[in-house]
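Heads up: the structure comes next, in structure tokens.
Per-chain residue numbering starts at 1, and chain names A, B, C, D and E are given in the order in which the chains are listed.
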Amino acid sequence: MAGLQLLSEYGLRVDGRRPNELRQIRCKMGVFSQPDGSAYLEQGNTKVLAAVYGPHEVRLNRSKTHHDRAYINCQFSMAVFSTSERKRRPRGDRKSQEMDMNLNQIFESAIRTELYPRSRIDIYLEVLQADGSNFSACVNAATLALIDAGIPLKDYVCSCTSTLAPSQGGAPPTPMVDVNHVEETLGGPGLSMSTLPRLDSVVHLELSGTRLHLSHIDPVAEKAATGAADIMAVLDKAVRGHVAQCLHAREVSGQGADA
Amino acid sequence: MPVDHRRIQGPECSEDYRKPKTLDAALLKKGSRRADGRKCGEQRKIFLKPGVVSQAKGSAYIELDHTKVICSVFDPREKASRNLEQQTVRGEIFCEFKFASFSGVQRRSHQQEADDKEYSLLLKNALEPAVCLHEFPNFQVDVQVLVLQDDGSSLAAAITCAGLALADAAVPMYDLPVGLSKAFSGDTEFFDPTGAEERMCLRGVDGESDHGVFTIGFLPTFNQVSQLFHSGHISSDRFGKMISEVGTLAAEVHKAVQAILLSAVKSSIDSSDNSKLLL
Amino acid sequence: MPRPLLHSLLSLILNQLTRVLHAVCSVYKQNFLAMNSNSSNGTHSDDKEECSVRPILCELGVITRPDGSAILTQGHTVVMSAVYGPSEVRMQRLQVDRAYVETVFRPKAGVPNTSDRLRETIIRDTCETAMIATLYPRTTISVILQEMEDSGGLLACSINASCLALMDSGVSMKFLFAAVTCGVTEDDLIIVDPDADKLKECKASLTFAFDSINKNVIASYTSGTFPVQTYNNGLEKCRQASDFLFDFYRDIVRKYASTL
Amino acid sequence: MSVHIKTIHPMKYMRDFLARNIRPDGRKLSEVRPTAINVGSISTADGSALVKIGNTVVICGIKAELTVPNAENPNEGFVIPNVELPPLCSPQFKSGPPGETAQVSSQFLADILVNSKCVDLQSLCIMPDKLAWVLYCDLICLDHDGSVLDACVAALVSALCTVTLPEVKFDAITKNKTVELEKRRPLTLTCFPFASTFATFDENSILADPSEEEESLCSGTISIVTSGDSLYSVHKPGGCQLSENRLSECISKAQKRSLTLRGMVEKSMESIKS
Amino acid sequence: MADILLSEAEKTFILHGVRDNVRNDGRSCSEFRPIELELGLVENANGSARVRLANTDVLVAVKCEIDNPPSNFPDEGKLDFFVDCSANATPQFEGKGGEQLAVELAALMSRAYQTRESFNLSTLSIIKGMKCWKLCIDVLILECGGSLIDAISMGTKAALADTKIPKVSVIGSDEGTLELELADEADGREEPLDWHHAPCLVTLNKLEDSLLVDASAEEEACCAAALIVGVSPNKKITTTSIPGHGSFLADSKIFARALNLAVDVGVKLNTALEAAIKKHQTLKPPPRGFLD
């Protein structure tokens, strides 16, 4: 492994977190007025904006509509200044097309599409700052935006990444959750898992980076699943806070109107 | 630069042998004639000829001394835009402006560069007010402009040339748009500037406060300005004065273009008369 | 899908994979042995004076998906060709009275560039002349050529391969066509069907395609400089050499008559 | 009346004319359209020419630049021809990357330059392996009315005649190059190749210098590049069979035409020299 | 930008309001809607700013790269504008949708910054003729609700004010290639860029013969023509453009009035922006981003 050690001997990671500790998650719903639903999510230094338009009738290419369910269309794009090295094109390259396809599959299985036949739901994601596990942050932000847009979901879609720190001085390799940019680039295996926590089912699983031995799959997958469950708790609290805030605002304006 | 497999490939990098020209402020000698002997407010001799491209519905070729621009217009066709639901009531003009690779001192690439795209948009804005767009809803007229040689005010020449090409293609229009440009630095003003004068005034000599270049698209019969494209550094009242000055000159150019169009239409009528006799 | 199901699925896939791997490498071994046994008995002697061509080997119907396919080896130049018979056509390519013939020439390596486009036009026009395109209106007939090995006479070999593929596909044709290349040495001597190193010494090379009925010139592609007289007797030499090819076509058809 | 027949039965319309061996635009079968060559019209280019054959117009601009020769042939410069068929010249072309016909024409021109060696590449080399000239020849078709290849070859050759290259001295040690813009020497051509295109119609009639609609109706074209004595290319991509004597007939016509074209180029060169 | 559907009655309502200098949200004809400005939002960039003008939301980031100077002006750096219309703003911007608008806005901005008086490029030169700074100004449009170019120009000026260029020292140049060593971001270059002369662009919409500043989406839908004027703090016009189908009456009275209105609105805008930037630089509030 490169000079930098992923785990110090006291078991702390590069940014001072414990192996099973998530980065700080801060989020806000209803950031924009024009889209039907919008959300902003910060997972450590990874900042993502999500906007949802829909379900609206399909005008563009009619071939893509399904007669029995909604057609989900996602677009993932990274701002030109999101990474330290300036990106030439914000979207349209191979990687973002692959991300679009994965996002489509995830939300096709998570949203109750049968309620909106022959319609279309657009989910647009913009990564303002990329500091590792951008894809998972996008999935979480999209979930918040869908909830803000009032689109029925089977369950929260929470996504989390985990990796494996190499064994040092005899200690067994310890899996680590919520990978940041430094850990990602140091080439460990990256397992990103998107789950529906309450229904305990996996929606999307992707292993990238170096090879992972068969025996290590279980602990790393376990870590990602618990990470996703914790993220769901945070998102749930944020959603309830937002709804409470909206009700309060409506009451205030309601009184104002009556008086 | 990604290798372009659709063209014959030259060596990777090659640079121009000419040393980059420095700006000669000599052009600004007060009160004297300009480099090519014209007075400050005098325009270059215009050579304008409609109907040069046989395959196009309408076409025109303009020559302002060393600035040579050719334009061809094709009859309206289905709007190619993919979002069909925008059934706008108005037709659209699709402009494509291109500098030939040998048109400037520096060789340009085959693909459309940033300023080609910018000029396409400016030309589109300049022509749209002049054309009765409601006559062909959902259709688009293609205007293709190619600059064979660029020696200053190529956008102004392109506006006039495209206007005549549209008229030659019998596209319904309110008025013949005319393009004029003016460069100024300090208190000397060059009407219809050449390439060197344009580069000079864009940079401006140090210490000189007012400098810049602007191009105007005019519709003289209704005295309307369809496009005002300026870059430089000037106070607002002097700018207003200069615009109205240029307005008077636009009327003359407009008359000349009308005369040319008239003679072209007359000659085509005569030729079609005797062609009837032949058959 | 629930997670326990995930683990069983993973192990199932793994042992499937190992079984398939063993099967593949055994098949590959047998093939390799068979291949280099039968390429030695070239059918034609290799002397250059009278106009004979390099040894030719051909197999029809090598690929199952296309309607007609062939792999042709002339000396060491190998081209594989496939024909997708009258299939549906894109709107802007539609022609009401005849089929739209489309050719794709894939070089051995890299992306097709302008010289491959030129070969494509020559092969497409030659095939279009030979085919009765008016029998298949509003359709597309696409001829795909893949260059496997080039040691001289690639264009001629591709034209012959496309003719064989068309024969295999059953598209009706007015006549068959065969192409021959000849090299012009410094002192204007004609060498018929030269291979790569002989071609290097020649100052020019002429490629002709002839029809099978009255042996007229369908296509001609030349490179290098040559006087008119050399062009004419080059044409004459290639015309005689094309008889070999037309006989070869007959043998091939006889050989495959049972399976066609 | 004649316009309707032309649109409904174009082939019958053409065959009626050919039966009386005259063409719709009044020319005899082997008659060539009036040709005009204007040289040196673009002053920003190092060499330029405009060729007009009937309605077909092609302009060629040559820009010279300095570059490092490639490893395979260190003592040779480059001549890079590229043909652009913009949507300006005919409604059949779309904007964007060059279509098939444009690519085929560019390759055809590149082959002719290699075959005829009309530009001695060694003369373009200033310092072997260090510095050499590259001539970017960009041809743009302004009006596409048939036999564009003839106009392209003529435009390329006449533009190459007008190219003048400045003196360049290259100092190997300090690696800088001094360019004297005043002393410019013209580029010498070893030969003057010219192309002639013929369209073949139902195997018997051959039309010289076909126009756009004749080209679209004919069954095949044959382009012969010659400079009077030796042939540089006989390019017949397909189309109907052509017997021996018809072929040699075309070749002799092509040779005569290339001599007349050569005369025109020399005449226009004198006009700009004087 | 999204397709606003206005009935004739609404249009006449707006028209009558504008005639006696009142708009339906109470503003006079030459007043801007409330503008929020925030600096230093993007950590990866050398300088960034976010401008919210009512429901138009624009994020501008400036990144410095080392590049070799243009051949004809060896002692100057480069400025490169790139506008990205994110699909968050409207579904029409998905894929290639926002391309044409992005090209138009980027061209307009690069023309506004072309003259030396608005931005002196020679301050970006590192070594004359060899190396210089190239400022890549990237604009991300998150939401568009009218007067997009005003928000972008304000964002650009604020981002330039927030930009700190790292110090560069040459540590040896063997046979022609330069090694430049970047000092770390902490001790940034002493004097930041001279952003004070940067222009602000103002869009004037013509409705009959009155001129509206900062028109909302509804007002923009019923205006005939628009005039964009780039105004620098010292009352000079650096660029003008007439987008869209409209055209202006050319007699000097109308034009002079339009240009003068644009200049004094622009100057007022410049002073307000500079005050906000100074306040922000002195107080140094923590970046709230979208979490407010």
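Everything below uses one rule, namely that a contact is a pair of C-beta atoms (placed from the backbone, for glycine too) under 8 Å apart; a residue touches a chain by one contact, two chains touch by 3 or more.
Please read these numbers as outputs of a predicted model, since none were measured by experiment.
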So which chains count as neighbours of both chain C and chain D? B
Which touching groups survive when chain C is ignored? one piece
Taking each chain's centre as the mean of its CA atoms, which one is most distant from chain E? C
If you tally C-beta contacts across A-E and across B-E, the winner is B-E
Grab the C-alpha centre of each chain and report whichever is closest to the global C-alpha centre. B
The distance between the C-alpha centres of chain D and chain E, rounded to whole Å, is 49
What whole-Å value do you get for the distance between chain A and chain B if each is reduced to the mean of its CA atoms? 51
How big is the gap, in whole Å, between where the Cα atoms of chain B centre and where those of chain D centre? 30
Could you check chain C for residues that touch two or more other chains and list them? 114
Would you pull the chain D residues touching chain B in the complex into a rising list? 1-2, 41-45, 48, 55, 57, 59, 61-70, 78, 80-82, 84, 86-91, 95, 97-98, 102-103, 106-107, 110, 134, 136, 138, 140, 142-145, 166, 168, 177, 179, 181, 212
Flag every residue of chain D that touches chain C in the complex, lowest number first. 100, 103-104, 106-108, 110-111, 114-117, 219-220, 222, 229-244, 247-248, 251
Which bits of chain B are touching chain C when the two form their complex? 5-9
For chain B, which residues count as touching chain D in their complex? 4, 6-11, 13-19, 52-56, 66, 68, 70-72, 74, 96, 98, 100-105, 107, 110, 142, 144-146, 148-151, 279
Touching residues (chain side chain C, partner chain D) in the complex: 114-115, 117-118, 120-122, 124-129, 204, 206, 209, 211, 214, 216-228, 231-232, 235
